[in-house]
Each structure stands twice: as C-alpha cells, then as structure tokens.
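Per-chain numbering from 1; labels A, B, C, D, E and F assigned in written order.
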Amino acid sequence: MSAGTTSSRKLAELSGPAVAAGFTADTIVVQPTGAIEHHGPHLPLLTDFLLADHIGGAAVEQAAAEGLDVWQLPTLAFTKSDEHSWAPGTVWLDADTMFDTVVQIGRAVALTGAGTLVFANGHGGNVALLQVALREIRKQTGLKTFLMPTLARVPGPDGEDADERGLGIHGGAAETSMILHLRPDLVDMRLAERWVPDHLADFEKIAFNGGPVSFGWLSNDFGPAGVVGDASRASRSYGAALWEHSLAEAVASLHEIARFDPAGPR
Amino acid sequence: MSAGTTSSRKLAELSGPAVAAGFTADTIVVQPTGAIEHHGPHLPLLTDFLLADHIGGAAVEQAAAEGLDVWQLPTLAFTKSDEHSWAPGTVWLDADTMFDTVVQIGRAVALTGAGTLVFANGHGGNVALLQVALREIRKQTGLKTFLMPTLARVPGPDGEDADERGLGIHGGAAETSMILHLRPDLVDMRLAERWVPDHLADFEKIAFNGGPVSFGWLSNDFGPAGVVGDASRASRSYGAALWEHSLAEAVASLHEIARFDPAGPR
Amino acid sequence: MSAGTTSSRKLAELSGPAVAAGFTADTIVVQPTGAIEHHGPHLPLLTDFLLADHIGGAAVEQAAAEGLDVWQLPTLAFTKSDEHSWAPGTVWLDADTMFDTVVQIGRAVALTGAGTLVFANGHGGNVALLQVALREIRKQTGLKTFLMPTLARVPGPDGEDADERGLGIHGGAAETSMILHLRPDLVDMRLAERWVPDHLADFEKIAFNGGPVSFGWLSNDFGPAGVVGDASRASRSYGAALWEHSLAEAVASLHEIARFDPAGPR
Amino acid sequence: MSAGTTSSRKLAELSGPAVAAGFTADTIVVQPTGAIEHHGPHLPLLTDFLLADHIGGAAVEQAAAEGLDVWQLPTLAFTKSDEHSWAPGTVWLDADTMFDTVVQIGRAVALTGAGTLVFANGHGGNVALLQVALREIRKQTGLKTFLMPTLARVPGPDGEDADERGLGIHGGAAETSMILHLRPDLVDMRLAERWVPDHLADFEKIAFNGGPVSFGWLSNDFGPAGVVGDASRASRSYGAALWEHSLAEAVASLHEIARFDPAGPR
Amino acid sequence: MSAGTTSSRKLAELSGPAVAAGFTADTIVVQPTGAIEHHGPHLPLLTDFLLADHIGGAAVEQAAAEGLDVWQLPTLAFTKSDEHSWAPGTVWLDADTMFDTVVQIGRAVALTGAGTLVFANGHGGNVALLQVALREIRKQTGLKTFLMPTLARVPGPDGEDADERGLGIHGGAAETSMILHLRPDLVDMRLAERWVPDHLADFEKIAFNGGPVSFGWLSNDFGPAGVVGDASRASRSYGAALWEHSLAEAVASLHEIARFDPAGPR
Amino acid sequence: MSAGTTSSRKLAELSGPAVAAGFTADTIVVQPTGAIEHHGPHLPLLTDFLLADHIGGAAVEQAAAEGLDVWQLPTLAFTKSDEHSWAPGTVWLDADTMFDTVVQIGRAVALTGAGTLVFANGHGGNVALLQVALREIRKQTGLKTFLMPTLARVPGPDGEDADERGLGIHGGAAETSMILHLRPDLVDMRLAERWVPDHLADFEKIAFNGGPVSFGWLSNDFGPAGVVGDASRASRSYGAALWEHSLAEAVASLHEIARFDPAGPR
C-alpha cells in the first residue's frame, strides 16, 4: 500500500494517494505522544518520548499483524511539560498550543478517511489535556477518539516497585527500568536515588492518581531533584517485564478500540 | 469580618478591604463549578449547578465551623458542557474560554492573599480541563490548587445503583436522587427511564472512569435521550444518603487540603 | 413547562426537552450580568451582582406575569471589573474572555429557538463591552439583542443624590441605598463617606456618562477609597424608591423589547 | 523638532530621535479612527475616514497653534465596521483585531514619553470598542486616554436635520452635508434619499444613542439601502456649519483633555 | 464608476453599490503596506509609508491608464516593525495582529467580486509575514494573491550605492534618496552618516537577502543608530532614478499579475 | 556529558542536569523542521521530514566532530503544510499554532543557557513563517537565531535538473533523487512523471523564489498531481550528489553561524 515497497505501518511512509485510496472507516490512526523533559540526573530528557515511540510503534505493528488496519504517525516530541519547565532541557508547549496541535492532527486524520484516532501517550502531564481534546476532536470531526497509556504498571519480578508507596510517577523504578531495557546507554544508575515524598502517602483523598482530590503540582514542589519515585530500585529485568506487559496491554486496547461503538452493536 | 454583619462564608459578601485585611496564606477559597446542561427529560438543566452549589456551600460552612479559614465564591453556572451542546438549553463555554475563566479566577484569588484555591466541581465534563488549570494556576500564581468532586458515590440504602453497571454518570440514579433530595419540585419521575448503554460494561480497557483507556464522547452517542444511567431507580432516600456521604467527603477533603504541603512537614 | 412543577421563570429549572418544545421566536431570554468587585469599605463585593440578580429576576417574573414569554438565565458573577483589579477581592475577567463568554451564551440561546437575548446589567464597567457583543451576537446568530440597565436613577425622596454632582457612579448614594434596601446586613454605614471627585464636575466635555468625551479610568485614579460617590447620603428609603423605579423601568423595557422590530411594523 | 523642516503636527513626519527628545508627559498624541464602509449609493466608502482625518487633523493643528503640545498619528482606515460587512466595499476588522490594534498603538505611544492618547473617532461603530480600549490602555501603560467624536451635531442653518427624528446616524443629512463640504466630487446627490426608519422614533427606551436600552443592529436591518437618515436634506451650507462646530468642539475638547487630571488639581 | 465624479483609482472613493456593480474577476485591488518606524536621525518615521503610498499609488494610476482594472486601498500605516520597537516613535503591530489584519482585508476584498489582491509593500520587515498571508488568503477566499516591493534597486547615476556592500537595507542611500526626491522637507542630511556593518559582508551564507541562511535581527543589533546603510551618499538625483525605476517595475509587475494564471493558459 | 554513555549530539539524550551544567553562550541548538505532506504518488508523505532529519542530523554530527558545541533537537514532523491540505495524508498546523510552537521551542532553548538556535528546514512552506519567528524569538529571548535549508541545489552529474526550468520545487528531480538516495524503498519511480508548469517560466517578475513578486499558491493550483517538478528525471546518483553538497553547505553554514556576531568583531 505504500508508495514504495515498505511493509511498515508508518503512515508517513505512504504516499498521499495511497492514503486516499486505502483508508476506510475501519482504519485506526495512532498518534504517540511523548515529551522532552527533565527526568532527574539519571535519565535522558527523551524518556517519555521513548516510551511512547517504542511501545506505541510496537503495538501498532503487532496489532496490524493480528489483522487490524492500524497506522502510526510520527511521535510528538514536544508536549505539555510545564511542570518541569523550571529544569533546563525541558521543551514544553503551552496548554493552548498543545491543544491546538492535537486538534489539528485530528482534523488531518479525519480527512484521510480513517474512522478512529488513538493517542498512545507516554507522558502523564498530557493526560488531562488529551482527554479534553478527545471530545473536541470527536465533536469537530466525527472521529472516534481514544487515549491509551504506553506504560502499564506490573509488579516487578523482584518487587522493585514495592517501596514507592504508589508514588513512582516520574523517573522512578518503572520508568528507569523501562529505559534500562530500551536504551541502557542513556541511563546512569550511579546517580539514581530514592526520591519518594513519603508524606504524600498519608493522604486519603489527595493523590496523584486514583484519589478523589486532584492537586496542581510542579515537579520541584517535592524537592530539587524533580523526580517522584525510587530510581535506585530500577533493573533491566523489571524493565523487560514492564515492556512485555505494556505492549500486551496496548495491543489488547487497540483490539477493544477496533470493536468499540458507543451506540452499541448494530 | 464582613462589611456588615453577615456570618456566612460567602467571600463576595465581604467588602474588598475586609478581604485584604483578613486573608492569609492559610485562607482557602472554594470555587464551586456547576453546569447548565441537558440532563434528560426528567431533570432540570441546572442539575450540576445544584450539586456544586449546595454541596460546595454546605461543605464550606461546615469546614469553617470546624475551624478552617475557608470562603466560597459564587458558583460558576456556565462551564464546559460541549458534550451536550446538541441539546437545546445547554449553555456551554468553549474549552479555551472556560480555561481562561478559571485561570483568571486563580489570578484574582492570589491577589486576595489566600494561599489555596479549591474547585468543588459538580460536572464531570469539567474534570480534565480543571486538572489542566490546577497546574497552570499553581505555576502562574504559586497558589496551592485542588479539585474535588461534590458528588461522592455510595451504595444506596435500597441498592438503587446496583443495576447501572458502573455507567450511571449523567442523569442516572445518583444525580436524579440528589435532585429529588434537594429540589423535588424540579424532577418529573414519570419521565425517568433506564438509559444504560449496557454494552459498554463489556469493555475491559475502555471506560468512562477508572479504565486505562479514555474515549471522546458526546451524550447523544449512546442514544437520543442524552442520559447515561438508570433514572428510574432514583429515590429521595438514596438522595439523602448521597447527600450525607458527599458532604462528609467534601468536608474531609477540605481538612486534608488545609494540611497538605507537597514539600512535606516542616 | 418545567421538568417538574416549578412555576418560576428560571430557564435552568426547565429540562432540555422542555426548552426545545416550548421556546419560539417570541421567547425572550434575559441574562443578568453582575460583578464581584470592590465597592469601598462599606459595601460587599457582590453589590453589582445583587443589582443584576434581584432587579433582573424581579423584572422577568413581573413581565412574565404580564404576558411576555420571558426567561432568566443564572446571573453572571465574574465580568469585566479590571478598573478595580488593584483591590483584593475583585474577581475580573479579561476583556476577551468576557466577550467570548457572552458571545457563547448567545450561541446557546440561539439554539433554544428563542428570538431575543437581553443583557440586564448591574455593572457599568460591562456596558461598552456588552454593546460590542450585541452586534457580534446578532451577526453570528440572528438573535435580536439588547442591553438594559438594572439600576435606574431617580431623585431620592430626601434628595440624597443632590450633592454628588452627577458623579455617584460607584458605591455612592444610589448603590449604597439599594443594598440597604436589599441586604442591609451587608452594609456598614459607619464606614460610608463622601468620596466625590468634585473637580470632575467642572469639565464640560469629559464625563463618566453623557459628555461627548469618554476617558479611561481605574477606580483608584480618584483616590485610595476606590469609590466615586457620596455613600454617606444613602438611606433605605432612597433604596426603596430606586428599587421601585428601577423595576418599573426594567419591566417597561422588556415590553418595548418584545414589540421591537428594526424593520418596522409588518 | 522634525527631522527636516516641516512645521506640521504629524507625528510620523518627525524622526525617531526627535520624538525621543521632544515628547514629555504633557505631550498629547491624537489617533484619528475612520472607517472604509458602505454609506449608501450617494456617498463614498471613505466617508468616516474623511471625518476623522480632516476634523482630527485640523483640530490638532489649531490646538497646537493655541499652545498645546499635540501630535497626530496617521488615521486608521480599517476599523470595526461589521454592521456593514454585508455590503461590498466595506473593509472591516474583527472586534479582537481592532482591539489589539489600538492597544498596541497605545503601547507604542507610551514608549514615546507622551502622557496622553486621544482617539478622534469618525465612525460610530468604533465607540464602544474604543471605550473598552481606553481602560485597557490606561491599565497597561499608565497613559491618560480619551475618546472624542469628530462630528458634532448642530442645527443646520436651514433645518436640514429637522426631519430625521434623531435617527440620522449613518449616511444621513449630517454626514452627507459634511462630505459635500469636504469633497463634493465624491457625492452624488441624485441618489440621495430619505431613509429614516420612522418607527424607531416611537420607542422610549430603545435608541441608537441616549436611551437606556441599547440594541444590536446591522445596517441592513432597516432596509436594503444600508443608510439611516435623510440624505436628501443635505447641503453644503449645513456641511460648512457642521465643520465649524465640529472643529470648535474638537479643539475645545483637546484643551479640556490637556488640563484633565482624575486625581484633581495638584 | 464612483459615487460622484472622481476619476482616481482610489477604491474607497467609490460608493459601496459602485463597487458591487463594477468589480469583476479581472479586477485587481492593491493594498499598499507602509510602516511608521525609526529610520535614523535624518529620516522621518513615515519613510516606508511614503514609499508604499507614493509608488503604490502612482503604479495603480499608471496601470489603470494602460488598461488594467486596478484599484488602490488606503495605505496601511502600522505594520510589523518590531525590529525597531526599541526606538520611540515606532508604532508596531504584533505578528498575529498584523496577520489577522491583512487576512481580514483579503476577506473584504473577496466580497467585492475582485479576483486579485496585491500587497505593494514598502517595509522589508513585512515581507515574510505577508508571504505567509498570501497563502492563507488564497486558501480562505480563492483570491489570487501577490506581494510586490515598492522600492526597486538601481545603480545610481553617481554610484551612490557603491559603498554599501549590499547592506543598504534600512535608512541608507536608497531610502534616503527616495525621500529626498519625494519629501525633501522631511530629510536632514546634516545628520546622515555612513552606518554600514561592513563585517557582515564577509559572510557567504548568512545575509539579509539572497543568502541561503536567514537570521533574526533587531535594528540596534548593529549599533545605536538603528540604520543599516550609508545615508551620507544619498542624493535627489539618485532618488529620481530610483523613483523612475521603481515605478516602472511596479507597473510591469501589475501587468504580469493581470495575466498570471497558475493553471496555465486556457 | 550525557546521562549515560551516548556520544551522539542528540540534545534529548542528555539528562536535564547535564544540559544545565554543559551549555554555554557558545552552544548552538539545531531544530530540524520537516513536514508530513503529499509529495505526489511516487514519494512518501515524510519526504521533507527525511530531508530535515537526515541532513540536519548529519550536519550536527559533523560540525560537532569539527569542534562546534552543537546539539540537535528532535525533528518537527507536523508543520505549515496548508498548501497541501487538500491532499489526504497531509498533517498540517495552522500558521499561528506553528508560530507558537517554534517560539516556545525558542523559549525552552534560551533556558538551557545556549546562545544560538538554528532551524534546519526541509520544507519550503515553512520558510516565511520561520523568518518571522527568528525575529520574535530573538526579541523575546535574546538568542541569536538562524534559518538554514537542508537541501542545497547542485547541478546533477547527468543534468537531471536541466529540464525543470527552475520550477522543481516540490516532488521533482531533486527531492525524488534525495529520497532515492536515502530511502529507495519508499519511492515508486513507475509513478514518477514530469509535472512542470512550464508557462510559469515565462514570467519575469513572478516566481516561486528569486523574483521580486511572490504569489500565494496551493499545490493543486498547477494541476491535480500536486507536484511541481520533473520527478521522472530523478536518479540515485543525483541524489548522492545532492546529499554531499547539501551536507557540506549545512556544515559550512553552522561554522559561519558559530562565528557570526551582528555587532561585529569584539
């Protein structure tokens, strides 16, 4: 289906006429969304980009191999990272610029003839904004729109996550392990520490995720490291387990998305 | 502390100089956020406004009586209700207008000398946008910012919620019961039906709340009624139970908020 | 016509389907616009909100009782109060946010099937912006659009206004008297003074209202009190007279509006 | 004071360093605001531009000759003419573009060292928007800001205005007479008619100007001619009288502006 | 074709109905774009305005005399001059305001029935932004859109330009000579110096124009004078030669524009 | 200098603290800008992305090896491609979104401590907008800003470009040859044709590049293929020659940039 002979599922490797001829209402377009932002002294700025790009890409390839008509757009590098804007190296978009960007991606996807747009997101700071965009894009274009994470949590083979008390959300055991798995050359474990704001675990209502009360935070609210989690417990084996689980979850999500119809079976 | 002799906790009943003289970093300002939007044939447009206004207001009064320095702004009526914009009577703001509105409220609260701003939200369609705003306001002003719901779910005394399969998110048993409790004159139970999109319960990843995959929806995606839930199971007794529980949760949340410091105990 | 049994004229107490079924080109929707802003040490921040909400609401109820098909939206609390933004407690919207808000209200009203939108305004700082919006809404939606004040001046029974030299525009005798009439618990007359910038009365061209030359002002341009008028001359009796007159003017205006057609009699 | 030897009061004929060296807090900068918009079949599109440009310019020259330190910017041609956007030839700016334009003019004027900015306005459709801008510019820059009209009404020597019933606001006797006075080559009196929406005179509250109730209108709301007034009664003699009166009023206004201080005499 | 008896080609001297009746797809509308900005101590702020206004106007008149259906809008005075915003007297628009302004001019021109819009530009700082706008206007309206300069370079009769090394882009020999030709009363040659940043001529890739590498500059990057060029070599004779050549080039460009069709001969 | 052991010059492979510690005023950050847009039936959508990403990246690596302190950000995929928005598969940003994106990149680069930002651009449709942004970023941040192309033209070894008459600007011999060189699997030469709008070569003033008159065009203005150039003459050998030349030019440009100072030698 591509202009040449590629067999990948990268949408942009197709020619324009190939997209026009091949896409249908059953086509699913996946937009990975990463980030370039501070992740502590031990991890590269492109940590979340790697999560979105690798998991998003692998999930698309596997789901396509399993029969879905699914294609991947180039991963967004610069997104909503204002919670780390105090840290040099973070490249962040303002909320409205990020919002306009993804809505305009939706506009373009709708013109391909595809029926579904999925954001495969590697950066927690994008979640709320992308949820707002899901509705906006659906309203403006009629596309079915979804947001799925690229990192799914799993207990590590050696219990690496055990001591984070549910607070390992940025640069901690899980993310560090995944980068150890994907790009060990970019991790410096000598600088990895335990940066867990334990006192937050004592709150019942207020939580990063899952509690009823949300709060606005910047990553240096918890200390100068700008990390929330225990990086010292990271390992390649935990990273491998996370990769397996995250990929499986992403593929399963794409299958659900492919058969999802809000109006019910027809 | 007011200009006159009021003893309420309504911020706007104070004079400007009273605010300037009395507010400190310990002061908490609560901004209830409602909605004016279609809630089916049996409920008034101001359903979510009532939730935010009544629960938000009662929680502020009770928390103040228990010693917190907490004040309430007038409830926002028009918010982000674009999922119901197809239904006459809905008055909705565009995402950017709503965002700018709440950020500008934050700017004004910061100038009072208060240290904390809490959105007490009665409309699910506002959650993601307000979460984005929490960070923006914190970043721009330094305020501690929070979002808490005004409706907390509780099993009904007669199990009213049992049959909604977790899908009672708009105009269903819970909201209908609460309005029966608060303003029974505004509910017409003869028009209340079961509008539950049962097929959605079969999905494991995709969910309104709590699943890993979010989706963009408009309220008429599920049928022409624009309701998601089983209104026919509503009752005043369930409403009373919800009220008690929601108020208690909101008050408890305010107490947690009052002692919350991201940097930990000092 | 409501979802339940209410007989009020509050639009948002109706259900969505009731609006859709009942509104016609003859329907008039009234949007009161207040403000939460500094009004001096003697008056509450919600002074203008009270004017818009009470007069606007009473006028709608009376006009409806006299046969008009007229309905009231919830009063806007936060509007264009940047002239008082120096004073803690003022909650103001930027000009463009306020403009977008009211234009989006117009968009929603047009979708109800109503033919007319009236802003009943209690805050002078909104007048020019709302005049701009009247045209914008008419152009975008075809609605007939109007702006009417909620406070109509009248000579007081004891001549309270006599000494203000036409400069009693903010927190002076008239507004203080109205709040004494409506909510005496919120007024502290011990703090009420004469804050009249007498020198302004000497200008022939430049005036707050009515002169050919307008000027841009902030309320602390005239002194630190942020009041323009003689609050010390306020009285409940003058407030009662203002209330009677203002209500009568507002009702008469609604009747004129109901029969107004720019193209002339048909 | 100019770069060369000009003795005019056109600011832009000066060099940058001449402005920097010469302007003080006593300097008044006048920005005429015209319009390019439909004025009926008998008048040129640039009618309001001519009013602003000629009266504004003549007033500046005369006031300068009488001792004021006053300078004129080039007249804005394209402004807020959306009420005539249905008529080919009208060139209009959206409200926000016009607002941003004049606020940015204010920003530039503030940097010259001048203390005062005056809009000399020839187009009624700009009034409300400029009033909003007066405050915005004052707040952002500290400039004293004013808006004055360039056309002042006067009874005509032959009573030309008598039959317009106060409704001669666009293309009627006054404006047509002024253009007959200024540029008779641009007027075609053979096409001048009486286009007075007499029925509007019967309303007590609703009025173009001066009544308590404003309304949103487009110029073709009153008929296909897009004129509101009696052009057939125009004359050069009335134009000459209007010119004299308007110029005198504008000069007198500049003198008032020069001595105006909101804080009172110091 | 005008409302009155004018024979000029100034669009705004026509009446609205004359535009509606007379304009066709062959009609070309020319929008001159000037600037009010610092040009050194020897030149007036309106230098670029004069270039656009005089050359643009003369070219339109001559092209019309030679048979083209071409009309001129009033010259834009305030444009994108942020590179000189440090210098008092410069009046500049932000990029987005300038962009919106010209796109809205395009919208209005499209409604006249004309088929072509040409920007005749006298200020280099507008070029890139207008190029962006050409596409935007074409896309939104279908107009054919063009940008042409009003100053065309020519070797001077006495080699005035010889010593500027290609760096005479702002206030140098060419612009100074043109203003000496057009408005000698506004030039003070006693203050004219050689302000040539010679070191820039040594770069092969980086250049103001014509090199492959562009750079972002402010006019005071090169020194406090804010001029780039050798004003001391200016002369009226060189100005006259530039005028002849520039006018001829502009007229020839209009003829090319009149017969240009991207789709080729039909 | 990286978090781990990478020796690449990819900025985002560094940690935040590594950026903070290592970047100085001599550091140059390169932002490649590509596009995902229709390039005819024979080329992939990511053609311009490949040009920016490969040439930009190779130039950075080589310049760093030659001693410059230069780093590369992830290539922007979605940019200003509205001239191809008619063609499915194109993903384009609106002008203001693209502008805001690159200005916000500039803001982030300024916070790293680097002194210079270079856009290495592979898509002609971005040039004008990026030129506007160069100044904006310099003005807002003080960064030295540059724009350089990633494709430099060179006569082909077999004269492939000879027959395009200077019109090979999109999908023609040069771009097709480069993709044949870089990713031959993505090119389908069976679909490559000569799509040269020969008639455009007859114009003297109006030109895509280099002529005095610019015009606004959409890629389907010249025919349904949306290509401007002769793709049929492409070859891998010409692609190899273009690669060598383009890389050499880009590296040479970076060296010039590194020693460029608008104020001259110090």
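Everything below uses one rule, namely that a residue touches a chain if its C-beta (ideal position, glycine included) is under 8 Å from a C-beta of that chain, and two chains touch if they have at least 3 such contacts.
From a predicted model like this one, the values you see are computed outputs, not experimental measurements.
The minimal number of chain-to-chain contact steps leading from chain D to chain F is 2. Counting hops only between chains that touch, chain A reaches chain D in a minimum of 3. To find the repeat of A-B among A-F, C-D or D-E, check which pair has over half of the same contact pairs by residue number; it is C-D.
Comparing the CA-atom centres of all chains against that of chain B, the greatest distance is found for E. Centre-to-centre, using mean CA coordinates, chain B is 28 Å away from chain C. Centre-to-centre separation of chain A and chain E, using mean CA positions: 49 Å. For chain A, the set of residues that touch two or more other chains comprises 85, 96. Chain contacts here close into one cycle, and each chain has exactly two touching partners. Against chain B, in their complex, chain A makes its touches with residues 80, 82-83, 85, 95-96, 99, 125, 127-139, 143-149, 152, 197-200, 203-206, 212-218, 221-223, 249, 252-253, 256-257, 260-265. Residues of chain B touching chain C in their complex: 2-6, 10-20, 23, 36-46, 49, 73-74, 76-78, 84-85, 87-94, 96-97, 100-101, 104-105, 108-109, 111-113, 183-188, 191, 226.
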